[in-house]
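In what comes next, subunit A is part of two complexes: it sits with subunit B in the first one and with subunit C in the second one.
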Partner chain A sequence: MDILVCVKQVPDPETKLRVAPSGKSFDTDGVKFTINNTYDEAMVEEALRMKEEFGFTALRVISVGPPRAEEALRSALAMGADEAVLVETPADLPLDPLLVARYIAAAAKDIPHDLVMVGRQAQDDEAGVVGSALGEYLDLPSYSFVTDLAPVPANHLLKMKRYVEGGEEVFSAPFPAVLSILKGAKDPRTPTLPNILKARKKPLKKIPAKDLEAKVSALQGGAKPTSDILAFTLPPPRAGAKMIEFQTPEEAAERLIKLLKEEARVL
Partner chain B sequence: MPVDFELSTEQKELQELARRFARDTMAPRAAQADRTGEFPEEVYREAWKLGLMNLNVPTEYGGSGLGELDQCLITEELAYACGGMTTSISANCLALQPINIAGTPEQKERFLKPFCSDYHLASFCLTEPSGGSDVAGMKTTIRREGNEYVVNGEKVFITNAPHASLYTLFATIDPARRHKGITALVVPRDSPGITPGKDEDKLGHRASATSSVTFDNVRVPVENRLGAEGEGFKVAMNTLDSTRTPIGALATGIARAALDHASKYSLQRTSFGKPIAEHQAIAIKIADMVQKVDAARLLVWRSAWLADRGKPVPLESSIAKCFASDIAMEVCNEAIQVFGGYGYMKDYPVEKLLRDAKLTQIYEGSNEIQRMVIAKEHLKRVG
Partner chain C sequence: MTLNVLVITDQREGHLKPSSLEAISEARSVVERSGGGSVTIGLIGSGLAEAQKEAKSQGVQRVLLADHESFKGFSAAAYAFAAERMAAKLSAPLAIFLPDTAMGRELAPRLGAKLGAGTATAVVEIQPGASGGLQIKRKVFGGKATETVNLLGTVVLSLRPNSFAIHPAPAGDPPVEPVEVGELPASAKGLAVERVISTRGDTPELTEAPIVVSGGRGLKTAENFVLVENLAKELGAAVGSSRAVVDAGWRPASYQVGQTGKIIAPQLYIACGISGAIQHLVGITNSRCIVAINKDPAAPIFKVADYGVAGDALTILPALTSLVARNKGA
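Moving on to the complex of A and B:
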C-alpha cells in the first residue's frame, strides 16, 4: 500500500515580491524560496502518520518545478518520505495548476499510489486546484478539506472529516483516492539534523518534463497551460490606521461600529 | 570552477533547521534569559533533540560528523537569535573536540557515544585564574599514583561547568616544563573532589553559565588520558584551531542581527519628515554595516572551506575570528546609534547584542593573541 504526496516549493512568506518585467508573474530573481511550505508540511506529516499508524508501506513525494524544487523534496525526505521524484521543468515553461496536475498524473502512471495526498492549497498562488484536477486525470475520487483521516485498509475504506459551512461532516469513502488535506492530526515534525543528513542517501529521481510530454499531451488539455495569466500586480500599500477620538468607552464603541458599517462596510 | 559560493541543498536545509530553531525556540526566550541570567536548559535539550549539538562528533559514534562550513552555517543562525545560548550549545563541540582529535577508538566509544544517545553537557577546562592567554603557564597539576592521576588546581571562566557531566581538562605534570608538561584528561564531573564555583554574573552571554572549577585531589584513571603525557598543549591548540572559525560565525550572527534591527528601524523611524535611512549619515552607517557583515561571513567561509579540505588554517581561522568579532562590536555599536536613545534601553534588542558581541573578542583566544598569530604566520610566509 503506497502513498504519493505532492509538494510545491513556494517563495518564503517573508520575502518581498516584485513584478517581473513581463508583468505576468513575480520576479524570481533574488527571491528566497522556502524549503517547507506550511500546508504541504501539515499534509506530509499526515501522510507519515498514515504510514506509521495504518500500515501503509511506502511514502513517495513528487514535485513539478525547476531544479531548485529539489529542496522541497529533500525536506520531505528529511521528514521521513522514502523516495522522491522531481519532474524538472525548464524555467520558461509556463505552468498553471491544471498543467501541473497533468504532469503529476503522467508521472504517477509509473508510481504506485493507493493514496494521493496534496496540501489544501499552495502557499503562493493559493489555487487549491491540483488535488481535484488530479482526481480527474487519474480517474480517482477526490476529497477536499479533509481532516481526521483514518483508513480502514482491510476494506479499502477511508474515514474522514470535512469542514463544511457551519459544521463538519464525518464520512467514509473507498480508496484509492486523492485527498487534499486541510489540517493534520499532529503538528508537522521538524526534520532533525541526522534525518537531514540521512535524506541525502534516499533516492531522488529527476524526470525532465519533456520526457512526459507525450503522456501529458494525451490527457485532456494537453501539454499547454489551460489558463493564461494576463497580469500580475501587487496589492496596494496599506492605508494608515485611523485613530478614533473619544471621551467614554461607550462613545468609542459607537464610533467604531459606525465606521465599520459605513466606511469599511464589514458589518 | 575553482570557487563556488552556492550552498548545497543539504546545507540550505541545515541552515533552515537552525534558523527555525533560533526563531521559534531561542529568540522568544532570549530577552528573559538575558535579564535574569537563568540557564534555559529546556532550550538546550531541544537543540540536542534536533541534532544541533555535538555537530563535530563523527557518525560512527552516533554524531553527525559535520565539517566546519556546515558548523559555521548553523552557528551563525543560532547566534542571530542569542549569542549566549549559542555559546552554551556549541560548548560541547569545544569540549569534545580534544577527544575527537586525540582519543583512541575505545575512548571515543566510551566518551562520545553517551553524548549522542542522551542529552549531556561537557566543558573544556583550560583557562586558569593566573591567565588564559599564556596557556603554557598553567598551574593545575597532575601527579601519577599507580593507575591513576591525582589532579589539583583551579580553572576559571568555564562554560557550562555547573551543568556538565564531563570535563576535558588540561593540566601539567610539571609547571616548570611549560607547554611540554601539559597533559589532557577526560574527567567525569562526579569524581570526588570537583567543585564548580558560583555562576558568574556576566556583561553578556547571560543565558550561558560560566564558573570556576576546583580540583582537590581528584583521582582520574590513566585510561582517561588523551594522547601521551606532555601532548596536551598540542591537543588544546589543535582543538582551538578547529573551533575558532565557528566563533567567527557566532560573531557574524550577532552582527547580522544588529544590522537587521538597525536596517528595519531606519526605514520606520522618521525625523525631519523622512525615514532616518534617507539621511545620508545613517545610510552610510547601514552601508558600512552591510560590508562588514558580508566580509566577516566570507572570511569565515573561506577558513571553514580550507579546513574542510584538510588544510591547516592557523592564519585563516585567526583572521576570521578576529575580524568577525571586531566588526561585531562595531556593527552592534552603530546599531545602537541608529536606534538613538531607544537603542540604549533594555526594551530594545540592540544593547544586548553589543554586550554579547564583546565576549567574542575575548574568548577562544583574545584578539590580541589572534593578531600576534596573524602577524607571525604572515611574516613567516614573507620572510
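Moving on to the complex of A and C:
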C-alpha cells in the first residue's frame, strides 16, 4: 500500500514580490524558495500519519519543477518520506496547473499509488487545480477539502470528513483515490538535524520532462498549456490602516460606521 | 464572437445558492458582451424540483437536468461525467461557469481536465478575448498580486463568491431537458454520505457572506464571544474566528478563518481582538475592506487593515451593535 504525495516549491511567503521584466510573472532573481509550506507540509504530515498509524508502507514524493525543486523534495524526505521523484522542467517550458497534473499523471504510471495526496492549493498560484485534475487523468476518484481521514485498508475504504458550505460532511468512499487535505490531524513536524542529513542520502530520481512528453501528449489537453498568463500585476502597497481617533466607544462606532458607509461604501 | 455558456450550479437543500445566481448573472453579462450566444443552466443532483423552478426564472435559454439518486452525494468524478454530457449538448465556442464553492472548486478542474479546457479557479473578473476565448483576472500570492490570464478553446471557470453582482433576470420560459447520463464509470461509484453536520444554524455561511465579523483571543472569554455574534446579527453577517478561539474551545472549528480554516473574500471583514498572524491573514487578504479592532496599536493586523480602531473590543463592539441597530430603526 503506497502513498504518492505531490509537493510544489514556491517562493517563501515573506518574499517581497517584484514583477519580472516580461510583465507576466514575478521576478525570481534573488527570491528564496521553499516547500509549499502552508499547505503541502500539512499534507505530508498527514501522509506520514497514514504510514505510522494505518499500515501504509511506502511514501514517495513527487515534484514537477526546475532543478532547484529538489530542495522541496529533500524537505519532504527530511520529514520522513522514503523516496523522491523530480520531473525536471527546463526554465522555458510553459506550464499551467492542468499541465502539471498531466506530468504527474504521466510519471505516476510507473510509481505505485494507492493514495495520491496533494495540498489544498499552491501558495503562489492558489489554483487548487492539480488534485482533482489528477483524479481525472489517473481515472481515480478525488476527494477534496478533507479534514478528517481514517482509512479502513481491509475494505479499501476511506472514512472522511470534508468541508462543505454550512458544515461538514461525514462520508466514506473507496480508494485508490486522490485526496486534497484541508487540515491534517497534527501540525507538521520540523525535521531534526539527523533526519535532514539522512534525507540527503535517500533515493531521488530525476526524470527529464521531455522523457514524459509522449505520455503527456496522450492525455486530454496534450503537451501544451491551455492557459496563458498575459500580465502579472501588483496592487499599490497597502498604506496601513486609517486609524480612527476617539474618546468614547460610541464615538469610535459613529466614526467607523460613517467611513464604512461614505468612504469605503461597504455598508 | 458569440459564446455559449453552461452554468453548473451548486445547490443547498435543493435551492440555488447565491453564488450560483452570481455565476448565472455573470454568464448573461459575458454573453451580452461577447455579442450574443446563449446561457444554459446545468442542474446536477437529486431532488431538484425547486431548483428547476428557480433555474427557469433566471432569464436563460435552456435548463439541462441530471436529477438522479446516484448524484445525491457530491462526487467530482460523477458530477464531471454528467457535466460532460451536458456540455456535449451545446455548440462551440463554449464556456462552463461554476461558483467557486467547495463543490465548484473540485469539479471545475476535473471537468477542465476531461475537456482539455482552459481552466481557472477563483476568478474575479471575466472579459471576452479579442480573438475568441476569455480573459480573466484572479488573485494570487495571498492577494498580493493579480494575474490576467487568456484561456484558450473551451473554457472552464469557477467564479469567486461575492465578486460578481446579481442583476435582475429578464423574463423567459426556458425548456427543461433531462439529460441521459448513462452508466457511471468505476471512479464515480461508491461514495456514501453518512451525515451532514450543520455548523451554522441560520447564520450566513462564512465563505459566501458579504460581511464577516470575526473574534479572537482578545475577547478574553467564551461568553464575550457573544459580542461578536450580536454585531454580526445586526449586520446580517457571518461569524468567524481565529484559531486561538477554536483551540480554546470557545467555538467549533467551522468558525476558523485562515490557513487551516476557511479562505474568505467578503466585501467587509471586521476583526475583533485578532492579532493578525500570517496564518490568519492568508484567509482574509482578498477581502475588499478590512476593519481591525485591537487594544494594541502595534498589532500586525493594522498593517493589512483599511480602518483601525485601537481600543477595547469589549466596549467598542456593543457600541457598534447598538448604533447599527439604531440606524436600522431610523
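Following the convention adopted for this analysis, the second predicted complex is superposed on the first by the 256 of 267 C-alpha atoms of A that agree within 3 Å, B and C clash if a C-alpha of one lies under 4 Å from a C-alpha of the other, contacts with A are read in each partner's own complex, and residues count from 1 in each chain.
To be clear about the criterion, a residue touches a chain if its C-beta (ideal position, glycine included) is under 8 Å from a C-beta of that chain, and two chains touch if they have at least 3 such contacts.
Treat the numbers as computed from the prediction; the structure is a model and nothing was measured.
> Please determine, from the superposition on subunit A, whether subunit B and subunit C clash or fit.
Fit: subunit B and subunit C sit side by side once superposed on subunit A.
> Spot which of subunit B and subunit C makes contact with more residues of subunit A, would you?
The partner with more contacted residues on subunit A is C.
> Rounded to a multiple of 10, tell me what angle the C-alpha centres of subunit B and subunit C make at the one for subunit A, in degrees.
130
> Does subunit B (first) or subunit C (second) touch A:200, or do both, or does neither?
Touch status of A:200: first partner only.
> Examine A:253 and indicate which partner it touches, taking first as subunit B and second as subunit C; both and neither are also allowed.
After superposition on chain A, A:253 lies in contact with subunit C alone.
> Which partner does A:222 reach: the first (subunit B), the second (subunit C), both, or neither?
Once the two structures are laid over each other on A, A:222 reaches subunit C alone.
> I'd like to know which partner A:81 touches here: subunit B for first, subunit C for second, both or neither.
neither
> Between subunit B (first) and subunit C (second), which does A:48 come into contact with in this model arrangement: first, second, both, or neither?
In the superposed model, A:48 contacts neither subunit B nor subunit C.
> Based on the superposed arrangement, let me know which partner A:266 touches: subunit B (first), subunit C (second), both, or neither?
Only subunit C is touched by A:266; subunit B is not.
> What is the contact status of A:231 with respect to subunit B (first) and subunit C (second): first, second, both, or neither?
second
> After the superposition, what is the least C-alpha distance between subunit B and subunit C in whole angstrom?
13 Å.
> Once bound in the complex, which stretches of subunit A touch subunit B?
It is residues 35-36, 70-71, 74-75, 78, 190-197, 199-200 of subunit A that touch subunit B.
> Enumerate the contact residues on subunit C facing subunit A in the complex.
Subunit C reaches subunit A through residues 12, 17, 73-77, 80, 101-103, 105-110, 112-122, 135, 138-142, 144-153, 185, 187-200, 205, 207-208, 211, 235, 253-254, 259-262, 267-268, 278-279, 282, 288-292, 297, 302-312, 315-316, 318-320, 322-324, 327.
> Touching subunit C in the complex: which residues of subunit A?
11, 13, 17, 26, 38-39, 42, 96-98, 101, 123-133, 135-137, 139-145, 147, 162-174, 180, 182-183, 220-222, 226-235, 238, 240-244, 246, 248-250, 252-254, 256-257, 259-260, 264, 266-267
> Which residues of subunit B touch subunit A in the complex?
9-10, 12-14, 16-17, 20-21, 49-52, 55, 64
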